[in-house]
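What follows is chain A paired twice: with chain B in the first complex and chain C in the second.
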Partner chain A sequence: MGNSKLYKGSLNTIILKLLDENGKMYGYEITQRVKELSKGDLNITEGALYPALHKLEAEGLLNVEMIKVDNRLRKYYKLTEQGEKETVNRLAELEEFIRNMQNLVNPKWSIK
Partner chain B sequence: MKKNLNKEELLRIEEYLDSKKLVQVDLRGEVLDHIAAGIENNLEKGKPFEAAFILEKQKWSEELRGYSSIWIGLIWNGPKIMMKTCEKHIKKMYFNVLWKSAVGVIFLLLITNIFNMKNHQDVFIRLLDGFYFVVAGILLLSLFQITKTKNESTYRYLYKKNALAMVFSLILFSPSVMPSNYVLKAISSGEMYWYTFFGYFMMVFMGIEFFSLYRKHVNAVKLLRIN
Partner chain C sequence: MKLNKIQIEILYDFTRQHFVEHYDLQTELVDHLANGIEAQWRDNPQCSFDKALQTEFNKFGVHGFADIIQKKHDSLIKSYLKIVLKFIREWFRLPKFFLTLSLIGLFYWSFTSDFSKIFIIIDFSLICLFFAFGVFYNVYILKRRKSRGKKIFVLHDIILRGELFAVIIPLFPLSISFFEIDNPSSLSSFSVLLLATFSTFIYLLGFVSIIIIPKKAEELLKETYPEYKFEKSM
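What follows is the complex of A and B.
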């Protein structure tokens, strides 16, 4: 992950969310989609992306499919049934984390 | 308009990956496709192939540089992305071996206590001894099979680097070839030497984990063939 260590812990959730929205994707496509959605702010490096994808695959959250595209083989990733359930859980966790961080960073003080 | 790379341009990428020694099928195809897609993206923006290729090589320079890992053996060197993947496989193997051996020992302690079999530890030792030779035989056969396959994978790389040493260790440290003092003491005194059994279990489970590398290699190659 290029820009900040803060994003590192959320990489797997970002990948799961993208696959949930797009069905199946390949490595380069994921990096480009993240770049596009973050308007260039977030750059997933190759060294972070592929280990994360392989880990999710090993955990049984992703399935792979090899398809011949433009004279070469392309590895597509898609969510398994378990992966779909896990995406919901991890997104809920991430949202809760963001809420807590917002409360910590920007607390609403009140006098009772 | 989308610009696809021609066969010669793809061959240039193949040659680049060859020079970096990234030959493992479970990684190479994916890296090749990533580099090719990156170049095509730049071609669409009007960059010439050479300039786009240099940009991609710069991006991949860190992941494809030579790297050695203490987990695999410092004498071996390969592209970082491959060695890191092998490192993950081997760490997972060690973790599996540790917890399975712990469960094995606990199970053995329970059995010997429940059925009052402390004076019959030699039975378990002979049983494990048999396993040592069965696992060593399977590993040797798999090594022969894996060496015959044309494709390299991260699993095959690890297997080839370590399996033969594993076979020798299994035979050398088997209770019948090298009975340790602990084993002899355990048998004669009737006292339970759980750490000796832990060591035995570790060896057997490590052998089994190595065999699973062989199966994973076969699956990785099969994945390429199906499509």
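What follows is the complex of A and C.
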């Protein structure tokens, strides 16, 4: 994550969400998709992406598939059944976090 | 414009020169670098292969591939421990559980016999020697594979190096000092039983991680790595 520490804790959730939407993706594709979706605002660095993918794979949340493409092997990641459940949980957690942050940063004052 | 086979080989060499010695990680990084280079060529077809490669590599930061290598190893250590526990669990289920009980009984008998001190020294020395020989043999196999240019996967490396060995060996002197084995007659039956169970567990841990799992490495690699089947064809 090049630009903000705020995104750091959400990297795994971003990866899970992208895989949930796209079925299967490879590392480079994930970095480009995030850049595209955030209009270049968010840049996932290679040094952060692969350790996150490998950790999710070791935790059993991702499955891998190898396909030969253009003279080389490409490693695709996809969600396991456990990964699908975890995505729902983590997205709910993230949404709650965003809601709480909005309330903290921009509280709606009212006189009772 | 796409990279040709020779350029892909150059990328594999490049990862090796930057201390990525395992084929699974090399393959993933090669594809990443290749995608980046091809993307640069789409924007600027005049860009040389070497310059495009350097630009892509710089994106990995000042540490290059080092962090990725270390964290991949850490992730797979967790997977390896899960494998070890899966094999250990078999020894606590029938029919192997009878063997485990017999081993506990054997340790208990040797610790309570008149020659307990000698038995303890012989037991622990033999186990240590046996496991040390196992680790040396596995590391020898690993080095031979490397010297013959065979592809090594991170998990294969962890399995053959028997990384648990470093944890198992200090457990012996620790158990000796903890249970005051130098004076076994002072121990209660319960303490001896505990010591016998502990010794059995250490023995099983060593046996499974140094003997059983390396023997089944091929099978485990096929389960873990879909690219393993491509190994011979690439």
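Assume the second predicted complex is superposed on the first by the 112 of 112 C-alpha atoms of A that agree within 3 Å, B and C clash if a C-alpha of one lies under 4 Å from a C-alpha of the other, contacts with A are read in each partner's own complex, and residues count from 1 in each chain.
Definition applied: a contact is a pair of C-beta atoms (placed from the backbone, for glycine too) under 8 Å apart; a residue touches a chain by one contact, two chains touch by 3 or more.
All of these numbers come straight from a predicted model, not from anything done at the bench.
Visitor: Superpose on chain A as described above, then tell me if chain B and chain C fit or clash.
Guide: On the shared chain A, the partners clash.
Visitor: First (chain B), second (chain C), both or neither: which does A:E57 touch?
Guide: second
Visitor: Is A:R72 touching anything from chain B or chain C once the two structures are fitted on A? First, second, both or neither.
Guide: In the superposed model, A:R72 contacts both chain B and chain C.
Visitor: Mind sorting out which residues of chain A both chain B and chain C touch, each in its own complex?
Guide: Chain A residues touching both partners: 26-29, 32, 46-47, 50-51, 54-55, 64-66, 68-75.
Visitor: Give the list of chain A residues in touch with chain B in this complex.
Guide: Touch list, chain A to chain B: 26-29, 32, 46-47, 50-51, 54-55, 64-75.
Visitor: Under the touch definition given earlier, write down the residues of chain C that touch chain A in their complex.
Guide: Going by the criterion above, the answer is residues 2-5, 8, 27-32, 34-36, 39, 59-61, 63, 67-68, 71-72, 75-76, 78-79, 226-227, 230, 234.
Visitor: Under the touch definition given earlier, write down the residues of chain A that touch chain C in their complex.
Guide: 26-29, 32, 45-47, 50-51, 54-55, 57-59, 64-66, 68-75
Visitor: Name, in rising order, each residue of chain B that touches chain A in their complex.
Guide: 4-7, 10, 27, 29-34, 36-38, 41, 59-60, 62-63, 80-81, 84-85, 88, 223-224, 226-227
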